[in-house]
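Following are the structures in question.
The following pair of complexes shares a single chain, subunit A, combined with subunit B in the former and subunit C in the latter.
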Partner chain A sequence: MSRWVLKGLQTGIVTTRYPGGEEGAPGISPGIPQDMVCSGSHAEALALRCPTAALQREKDQISVLRERCVHCYRCARGITKPIQWERGFEWARIRSDAVVFPKAFQQSLHIRVIDAGDCGACLHEVKLMNNPFYNMHRLGFFITPTPRKADILLVVGPVTDHMKRAMLKAYEAMPEPRRVMAVGACALSGGVFGPGFVTGSGVGDVLSVDLVIPGCPPPPLAILHGLLTITGRKMALQDDKPAVPGGGT
Partner chain B sequence: MMKAQELADQAQSLWPLDVESCVDASSGIVELCCKREQVPHLCDWLFNHQAYLFAGLIVEENTSRWDLFYLFVGQGKGGCVRVRTSAALEERQFQSVSVPVHAADWHEREAEDLFGLVFEGHPRLGDFILHDDTWQEGVEPMRNNFDPAAALSNRQPRENACPRRIVDVPGAFVMPIGPVFSGTAESVHFQLETVGEEVLRAFPRLFFKYRGVEKRAEGCSVDQALLLAERFAGTTAFAHAFAFAMAIEQISDREVPERAQVLRIFVAELERLRSHLSTIEGICASTGLAVAANQTAILEEEALRLSGSLTGHRYLFGLVIPGGLSRDCDNQACRQSVIKARDILQRLDGIDKLLINTSSFLDRIEEVGVITQEQAHSHGLVGPVARGSGCCSDLRRLQPYGGYDTFDFETPCEVEGDGYARLRILFAEAKQSVRIMEQALERLPAGPVFLAGEAAPGVVPVGVETPRGATWHWLRMDEERKLTRYRLITPSFTNWHGFHLAAENFAFQDFPIILATFGLSVAENDR
Partner chain C sequence: MTDPGFLLTITFVLYFLGIAAVLWLPEKMTAPALAGFGGLGSLLLLVTGGDALFSSSTFHSTLWAIPGIGDLTISIDYLSAFFLVVTALVALPAVIFAAARIADEQWCHPGYRAALYLGLLIAIPLVVISADVFLFLVAWEVMSILIYLLVNSGHSERPGYLMLAIGEAGTLAVLLAFLLLAGTSGTLSFAELKVSGLSLGPGLRWVIFILSFAGFGVKGGLIPMNFWIPRAYTAAPNAFIPLIAGATLNMGLYGIIRVNTDLLPITQAGPGITMLIIGSVTALIGILYATIEDDFKTLLAHSSIENAGIITAALGAGVLFLATGHRVAAAMALLAALYHLLNHSIFKTLLFMGAGVVEEAAGTRSLDRMGGLLKRMPWTGFFMLVGVLSIAAMPPFNGFVSEWLTLESLLRSTELTSLGIKIAFVVAGVALALTAGLAVTCFVRAFAMGFLGMPRSEAARSTHETRSSALRPMALLALACLAFGVLPTYVIPAVDRVVAPLTGASATRALVPPFFEDSAPVSELPQKFASEFHDLGAQLGHSTMPGRGLAVIHRGGEKNPVVFAMSTSYMFVTLILLLGVCAGVVWLVVVRRRKTVRRPRWDGGVRHLMPEMTYTATGFAQPVRVVFEAILRPQIVDRRETIAKYFRVAIQQERKEIHLVDRLVLHPLAVTAQWIASSLARMHHGQINAYAGYALLVLVLFLVIASTT
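What follows is the complex of A and B.
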């Protein structure tokens, strides 16, 4: 066993400097399209290429509904004059002005994760927040197996009919104060799977959502940013775009 | 194993009145058409006497009749056989083949649940995909006339639905686990029946994550369906998108530029490496070996970042499109990727060397979760699980696709069938994947990565060896270039069917470890 200890020590520290410093390693984020001004016909062509209606066109202005983007890159590849993508990851957004996070949440958070039908990618990114690169424990965030000790219900997936009851039971088992966080395009709007005959159009259909994190899947740093937002250590994304139609707020 | 025509002739000589055969010219697949009563005999003959592997059952509701295709896989071009039987739509009764070909068990349960077909002689139909506590019997979502609105408004779930128990002895009880359990486990329910310490019967109850992908794909254009194919199982997205793109290309007789072909293999092996790292990490974590788990997690994150910087997306979404790739990866980036992959492999090797000298770790996986070769064969298991039990099938060798036949690599195989054998397979395959990446880099030709083309109507099954094993995508496209049937046979579906064999007769505390050594995805199974 001593060899393992040695191995661990030899590795040194790999943990990101975020949120204290910047994190800009390649491959940490899939990126997200940015708003663009272009000719009306090109804007229309771009909006038509988007399979999830994340690109909303108004005359010669394309505005991006981040909550709908699934990173298919169809607006960035195979087209002349592609949309510019930003490589950041601070995408978390508080659903409405009415949402206030309790003071008790400012230090440490316990999170119950619910897989409500995700493809495995979002869940995997949530799991990776525990790896040495992100090490969420250092920031006071813990994933708990029991909803009885959870402050945050973190939901991934479009909420399938079969998972709806289990999710609600977990929510009901949580003590007050409690808040709901929807992670990933499916949980926000149903993504490519919903709404359908066995899935809803995201968590908003069933529970009132407080914080949303766009992405398909959102990278671990985006989810960390969301958690930091809840504790008040980071600012949520400030924009005045309407919530996703049909996404349910 | 014999040639296509020979096999067709022999089947006809054995059952002269009942079996008609033909060879599909474009795909080289032998089709044996027979009466419903004859199907179990024919499947038995192929599976148990002709050494064909069972790939899956595809049910189609065509204009006026049922078409059932039982897909079997053999060696080389023309090595695939499909047994076809048809019946009028009013007829619902078919003969079960799950007694001679046990691998068909879950396929028949699925067809019963989603199409309302009845398989005579099947021991256990009913509650499977559509849970009885959410849906009433009689909802058949895969039928053409299925009305989602009516089904939703008219739902009458069975409130007292309760999964059935098998063990009936004094003191027996059920340990339920899930669907919401552990920290970040996927949603699945296990019913472990026991009288104390040992798990006597293990039932995984799946499909909590059923998203109806096959139904959603019906009527979709190629572009829309590609999103579904790629994203129903996010951790093996590239392999499934690859299979879908190849299916479209085969139906439409479309060319793929050579550079794109080589790059696809390059990226597919990168995904395999990453997926195996993830499974190894899961095994280390399940035994509580924190340093090993974290060391492997570092490698996995590096592989994800490598995928992200090479292709734009950490899980390789949006890369494959029918006709090639959506973007090029320049040679310099590929070279850097191989250097990085070699580095990852070297460090993985260091972890491997430490693991095999850690007796507390080996004690937890050696002779635990054993699957015998007979069991692996009868359940038709695939991928690293089957290769750990002496069933060494690998579609990259058996039915080479996308140019794999020109690459030099080995398919590792072990015979013990325990958790340790499966772990060794993962380590060995990770090495082979990097070897293939190196070869791909050497021969990477210049040129475009995409050729435009038109889709054409037709039907085709395409098999791909995903990191978890063989997947089959069956795709039918109509004159309007819309999908009319998209059947997904996934390795997780196949291997979950055999999972209980490994979990039974082992202690409770071994259960999470056995689960981790299987490395299954629930999303890939549930679709």
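What follows is the complex of A and C.
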């Protein structure tokens, strides 16, 4: 006989309290670097250390393009004056022209996930939202296999040429109101892949993106935060930075 | 009331006139003559049967007295009348359909085929009305040979020979059974056999039961003598198969009923158990092979076997109930059997018509190569949908009613006392429930793979709707499917007229309570029970509707006071009302007020959705194939690998399921026959000396025998 009932009772509730309370478990987020002011030569050195050109130097000012950061920690480790890292996960931003969902969607939002050529990491994090710890169903978010019932298109990956048509078809098949959500560095900027000979530089090339979630991969709570934002259940943080200039590394 | 003899004479004269007409009139008159004379004759046959079913007296007539053999007599009792009605109901649309198709078959002069067909229409009623062994066997043989000729008029000959061979073996068994039956009394008339049957010993009755059950079971499609059915039904021309499948299968079941419930009194439980178990196993095996079959006509043939099994199981239940003295339950079970027989004839005829039309239009019988036919053949598709829903026992169509009645009468077995009989009932109930489930799978598959989706072959892409002359008979049968489904409370009293004399109890009183009658509606029912149903509105419409009610309500016996209730009539009305209300609300609230946006179909994001990407019939049945692998025992007959350079790029595998009966019965039979033949052949080695030796040996043997006696 399996003892899963007893075991379950012994384990108790493990689900995170977010968004009702704080979630501070170690390792819940890889963190993301923050803007910094330092000497010009140091800024130059820091910017050179970044493999994805996420650190943009302007005189003695370093600004972080979160869309590009892949959490490699080269700006945090092995250097004398490391950059400050933010430990949170509320990174989701709404594009300035995007509108949050009407109130009716707050309790039930159906998500169609499209893997547009990702390495598997972002997809894995999306999958993790289904597990008992994150449990997105308690918040009324559901994955659906058919875009006909989907409200939001969640794209991971830099959008390879082969997946472009499929993504557009899925978007076409979705009923109004519909939103597009780009998850991960690749979907936002092409990440470490693109633009290349088979990929573009993210979803923005093909569709107008409403919600961006940086990270490589973004932790599940960051994605949850994004979903809460687009449904208007968390204060929407507008993405006021200019669009990423093209050209990766 | 007209004299049945007169009606019958006119019917047969019409059929014979039809034969003369199709043989001697010019070829272009064949179809109208067949449809005209055959249709009129069938209509008259329907009137004759209906008249006899509702009349109070039994028609009996002696045709001809043959010295030395006895009188050739015919009689129309209620059982015969019922089978006449069923035959006529099937024959009327079938003959019109055959007339529409007869020119399509390229075998010989269409007149000959039409004549054979009309001959079959004469032979089937003759089997049913013959009241002595001699006439019965003559009619039976004529029918068998005509079926053989009609089946063989297709392209393939082997299935016809197989059918004839196994059919003759069955007839031999039937002949032996009749001889044993008649042996004690020395008469051939059914009426006298019925009297002499009372004095037979239990052992002899067992032998007669086994012989007649096996013999008639050949025609009735019962395991293990049914291997000819899928082959012959598939090979038979499309014009003739509706009648062959719809009417002649019944004759085997008619024989079983006639001999084992009418001629022989039911006193033993053994035959009942045998029928119950064989029937349910037949049903399960039949539907299992139907579910995995790719060929549309073979699928329908396997499903005929399944339905014959269900009917036989219900018959067996009836016999068992009678043997144990539960007359009402027996009446219900027999009624369920006959009702299902009627329904099966109707929808199987319809389905075979559709299969023929589809084969002609799509150029294939393979479900894997069809698809998307509904768009191109909307009417055929619609009638097929009705047939498929009926055969899958979906309310409100007729298959549902009779399968409901069958399963419900099996539930009455809780009142029995013998443990062995109860176990038999449980086994049969489980098998039949599984059968019902598989039947839904099977016919969802048959319809969806044939008519929905995308066309999976060039031929399926270029089909078009068939002629209206072939559609009209299908419409008639589809209407019958609905009528027998939504009006069971009117059919049950009619069928009950057949069952009541056999069992001595009325199933109508048990199944259709007189709720419509104002005065004393409770006399036949417990007061509380009746008043509760009165409150529920079971008497609704008693002032406007004729008859006893629209709900089939049955109360179990003392040990299981459970109420079984079902009303397809109310269900049908409610269904239409609900659908209407829903459609109205949707139209008012959504469609009228909001803008409709049309977007392309979601195809999974592929570049082009191609037929190769969609489900095939084989793929759809794969789960069933895997689950029942132990029974099906698939064999890999061919496996090819395509290797390009260093990689295996494709594996092609052909698996074949040899039918269980072929494997366990037909193959050993063939091997044994060959072994006997080859053993005998060893004597025929061509040496003249040895042959002279044989002659000498025989001579010596005779001399020895002669000298000793």
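By definition in this document, the second predicted complex is superposed on the first by the 231 of 249 C-alpha atoms of A that agree within 3 Å, B and C clash if a C-alpha of one lies under 4 Å from a C-alpha of the other, contacts with A are read in each partner's own complex, and residues count from 1 in each chain.
Criterion: a residue touches a chain if its C-beta (ideal position, glycine included) is under 8 Å from a C-beta of that chain, and two chains touch if they have at least 3 such contacts.
Because the structure is predicted, anything quoted here is derived from the model rather than measured.
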Inquiry  = Based on the shared subunit A superposition, would you classify subunit B and subunit C as clashing or fitting together?
reply    = clash
Query = Given the touch rule stated above, what does A:148 touch, subunit B (first), subunit C (second), both, or neither?
reply = second
Task = In the overlay, answer first, second, both or neither for which of subunit B and subunit C A:122 touches.
result = first
Query = Looking at subunit A, does subunit C or subunit B touch more of its residues?
reply = B
Request  = Report for A:170: first if it touches subunit B alone, second if subunit C alone, otherwise both or neither.
outcome  = both
Request  = Examine A:219 and indicate which partner it touches, taking first as subunit B and second as subunit C; both and neither are also allowed.
outcome  = first
Inquiry  = Going by the contact rule set out at the top, does A:192 touch subunit B (first), subunit C (second), both, or neither?
reply    = first
Task = Using the touch definition from the top, say if A:105 reaches subunit B (first), subunit C (second), both or neither.
result = neither
Query = Between the stretches 171-179, 567-575, 639-647 or 657-665, which region of subunit C is in steric conflict with subunit B after the superposition?
reply = 639-647
Key: Overlap of the subunit B and subunit C footprints on subunit A, listed as residue numbers   = 147, 163, 165-167, 169-170
Query = Which residues, counting only subunit A, touch subunit B once they are in their complex?
reply = 1, 3-5, 7-8, 11, 14, 25-31, 51, 70-74, 77-78, 112-124, 126-128, 130-133, 143-145, 147, 157-158, 160-163, 165-167, 169-170, 191-194, 196-199, 216-217, 219
Key: Contacting residues of subunit A [partner subunit C, same complex]   = 146-148, 163, 165-167, 169-170, 172-173, 175-176
Key: Contacting residues of subunit B [partner subunit A, same complex]   = 131, 133-134, 141, 146, 148, 151-152, 179-187, 207-213, 215-216, 223-224, 227-228, 231-235, 237, 278, 289, 291-292, 294-295, 297-298, 300-301, 304-310, 312-315, 317-318, 321, 326-327, 350, 354, 357-358, 360, 450, 521-524, 526
Remark   = So, in the complex, the side of subunit C touching subunit A is made of residues 597, 599-607
